[in-house]
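Here come two complexes built around subunit A, the first alongside subunit B, the second alongside subunit C.
Up next is the complex of A and B:
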């Protein structure tokens, strides 16, 4: 392999990029936008659930319940409809996600030491949101019951009583329980796929569409020289993107890496190589930019968004898809990111992930060279 | 305006799309693969909480506590350990989600009527799921606490509790697919219509055939219609295909009117095709067009409430989401599928979608015409 020939191809690709100024600046702006959105606006943490309370009682007990709901970070009582019919309208119109009906007679029941039903109506259309809401309301009411029981016993009995068990909760790895702490690092994996794989998927297909592939075939260069020449510019652009993303996460949103920065760079370099080899392989195989683009979305962007354990847990997937996740490069990269950003793992604790990514790079490189040779290079 | 010329251009466009055998998988297979993928994957339900426990008390009281976790279908005790250090190791290796440590003096404390602290170590890395795991753990612990108290004071207790009765509307089993699959349909329609329109037009520019079209007697408006009508038809056909698949494969019931849905799709396509046209006017190469597409698609996706609840966003961003056509279309398609709502409830979304789509489309058409003149 001649370095001079690689440089020549790279130079040509570099001019393409510089001339196509907008692609280049979008390659930097899109990651910027994504990090900004994820750090600032998007959160998976369900809190301040808007609820509507129909209070048929207006007694100290019912007010105590409403006050408890409002005091919890999970709920916001936003509406006080008069009737169940009005409540239904609010739920239909998405003004509240949960309705609570305090029935007439609740206070009397409780004073008579009888169990009293509390009706909760949940908008189940967003199951994640509703699942959280259900867990939180059950926890709030359960706690209320427990505390009322303790008060009751203390009023009754001779000896002072305390609640027997209390959970001393320690949250690990993401101590503030904020979703941005795992989403902002994870988005780096998505950015690498968008810039590294989607952009490069057009690069060789374009040569076919414009007929310049014929010219390249007639040049005295080898497949590997052509491949590296094509890859090198995009490789560096993507790497700069990663650096920008790391920096923005840290400076703007306080998402701090717990392990070594250099390990992160090493992992990213390998993963970028995987992404770019994938993009170029798709490009060689499809020979049409439109098809290549769609294939790249399907084979690189979507799997790394959906199957990589980024926000959708692999734990929940059916067995067949669990197997598929094993061949998705992003699975291993996200695992490394998780280890570096949250768990403070060392290289020795994650070397398998590095090895898998390196092996994938090797295989994809081989496939690329073979495909190019078949095309007559 | 001549319908004949429009028809011929539409015909040419169809021939061009369907002649290339490589386009077939994109048009048919890709949407189906995506809907299956999304349908099975997009969920953050907490179904199964893996527990590791260290019981240093080994008394009836502590066993009571652990049995309550065991009996709860959400929890699964995977490891009984001796050393709290092992608990931390398992958490680090992601083999358990929650670790519980019962101190040696548990029984004594409880019998004295004091509060015993139970160590609960939670893997917080996916914070949204961790919050639910914490809530479930507290529910079980409170239950155990209440029961231990009741047992001790059985003789003199007659105490009324709040009996929580949760009824879930619209999606009673909290089935993720019911919620996400209609959303995926909307997302796919956007993805395909945006990409196909903009890239098909830019391809003509790149290949130099745009010049030829300009010298034909085609008028600008005819050209725009001829270029967009095929994609409206293709997108609507894909919509029907994907919805059919959703109903047959995922067994998603459709509560509302299919006609309303098709109408709303039309309004939605106005925006996406408008943006597609706009992108084609500002892009010289397909690479540019693709990157510009992503510049629109990603924020549209993120801000639509598809995965990230809009209620969680800062207020200013919540206002911004009104500029996102996908947001309105999602409310409509989910309303029609899940709640069976009609015009009476959905009119604000339809109106906003119409205004947005109309504005974008007219703006794009004007720009496109200027480029041609």
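Up next is the complex of A and C:
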């Protein structure tokens, strides 16, 4: 392989890039936009759940419950409908995600030490959201019960009793339970796929469409020289995008990486190589920019988004899909990033992920060279 | 040193069940203009692409500049110049940038770059537009740039696939004068065309139709042999006569 030929191709590729508005836009504007969109809009945290409360009682007890709900960061009592029918309207109109009906006689039942049902209606359209809301309301009501019990016992002149078992929960790895802490690493993985694979999927197809592939074929260029000449420019651009994404994650969202920066760069470099090899392979095989672009979205961007454990947890997927996730590069890269961002893991604890990504790079490189040789290089 | 710049024997190229080139044998002498004539779809481009090492023959053998066309395609590509039928340089780059790309690919030593560039710009008369985007150049100028790029590394053997198609008569005359000068410097030129009248510029020609050679030799000899009783006939008449004979 001749370094001078690789340099000549890389230089030519650089000219194409800086003179093509679409490529520039894809390389520099899209990553910026994505990190803003994902970072601000895609929050998986459930808090400030809007509640509508129908209070048939208006007693100190019912007001105490409403106060407690409002005091919690998870709830926001936004509406006080007069009747159940009105509550239904609010739930239908999506003005509230949860309805609470304090039935007439609740206070009397409480005082009489009878069963005192409190009706809670949940909007289950988003099961994940509803599940979280249910857990929160159960906790608030449980706490209320517990405190009432203690007051009652005190009034009776008895020793306050403690519940025999109390779960003391400590959250590890993402102490604040904030989704942005794993969303930012996920965006980095998506950006690499978009810039690395989507952008490069165009570059060889373009040579076919413009007829310049015939020139390339007639010149003394080896498959490896052509491949590296094509890849090098986009490789560096993607790396720059990664650095920008990390910086934006820190500045805008306060997501700070806890482990080795260099380990993160190493992982990114390998993953970028995978993305670019994939994009170039698609480009050689499809020979058309339009088809290549769609293939790249289908084969690189969507799986990285949907199956990589970024948005949807892999634990909940059926066995077949779990197997599919094993061949998606983003799975391994996001695992490394979570290890670095949240778990503070060392290289030795994650070397398998690095090894898989490196092996993928090797296989894709081989496939690229073979495909180019078949094309007459 | 080979006195034959090109020699091929029983060259065959099939694409699936279609035979584009069917047992073609010929040889090209050093510093001659060798014409490869035939109608569109006769197999001219397929043959030239096999000779340039772009595609591999289905069967047959041959040498180009002393290198085996089956096994030494990279050395062939390094030693020849090739201009394809369709313009295929980079339109978003200037002539200067295109030329620099070729200089890099042919690994011309950097200290010779300036000299090479000046020579090419002078020979192709593109000095005034060297920094204009190639997209803005008229077709004839682009064609000269393509020729310049193919000559940049001073190959001893030049392959031109339909170099004059779509070019105006004046440019065409300039082109043939230029080619004649090149052969005077010892360069061998292999040129395909479907304009029979252009064959008069060639020292020797091969006529090909549906993948098979129908005539070979000096243009005047071919005419005399095909139509001995018509002294004023040209190659076109000869070609038509030969066609009639081969298809009963």
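Everything that follows uses one rule, which is that the second predicted complex is superposed on the first by the 356 of 377 C-alpha atoms of A that agree within 3 Å, B and C clash if a C-alpha of one lies under 4 Å from a C-alpha of the other, contacts with A are read in each partner's own complex, and residues count from 1 in each chain.
Basically, a contact is a pair of C-beta atoms (placed from the backbone, for glycine too) under 8 Å apart; a residue touches a chain by one contact, two chains touch by 3 or more.
Predicted model, so just to flag it, every value in this text is computed and none were measured.
Using the contact criterion defined above for the overlaid structures, shared-chain residue A:132 touches subunit B, although it does not reach subunit C. In the superposed model, A:53 makes contact with neither subunit B nor subunit C.
After overlaying the two complexes on the shared chain, residue contacts for A:20 are found with subunit B and with subunit C alike.
Look at A:212: by the touch rule set out above, it reaches subunit C but stays clear of subunit B.
In the overlay built on the shared chain, the residue A:117 is in contact with subunit B alone; subunit C does not reach it. Within the superposed three-chain model, A:307 lies in touch with subunit B and out of touch with subunit C [touch as defined at top].
Ranking subunit B and subunit C by residues of subunit A touched puts B first. Of the two partner chains placed by superposition, only subunit C is touched by A:2; subunit B is not. With both structures placed on the common chain, the touch criterion links A:220 to subunit C but leaves subunit B unconnected. Once chain A of one complex is fitted onto chain A of the other, the partner contacts of A:334 are absent, as it touches neither subunit B nor subunit C. When the two complexes are superposed on chain A, the residues of subunit A that touch both subunit B and subunit C are 20, 210.
Put simply, subunit B touches subunit A in their complex at residues 20, 22-23, 26, 30, 33-34, 37-38, 40-48, 65, 88, 91-92, 109-110, 113-132, 134-139, 141-146, 148-150, 153, 156-176, 178-179, 191, 195-196, 199-200, 203, 206-207, 282-288, 290-292, 294-295, 298-299, 302-303, 307-309, 311-314, 317, 331, 334, 338-339, 341, 345.
Contact residues on subunit A toward subunit C in their complex (touch as defined above): 2, 4-5, 7-9, 11-12, 15-16, 19-20, 210-215, 217-222, 376. Contact residues of subunit A toward subunit B in the complex are 20, 22-23, 26-27, 29-30, 33-34, 37-38, 40-50, 91-94, 97, 106, 109-132, 134-139, 141-146, 148-150, 152-153, 156-157, 159-179, 181-182, 194, 198-199, 202-203, 206, 209-210, 286, 288-291, 293-295, 297-298, 302-303, 306-307, 311-313, 315-318, 321, 338, 342-343, 345. In the complex of the two chains, the subunit C residues touching subunit A come out as 52-55, 74-75, 77-78, 82, 84, 86-93, 97, 100-107.
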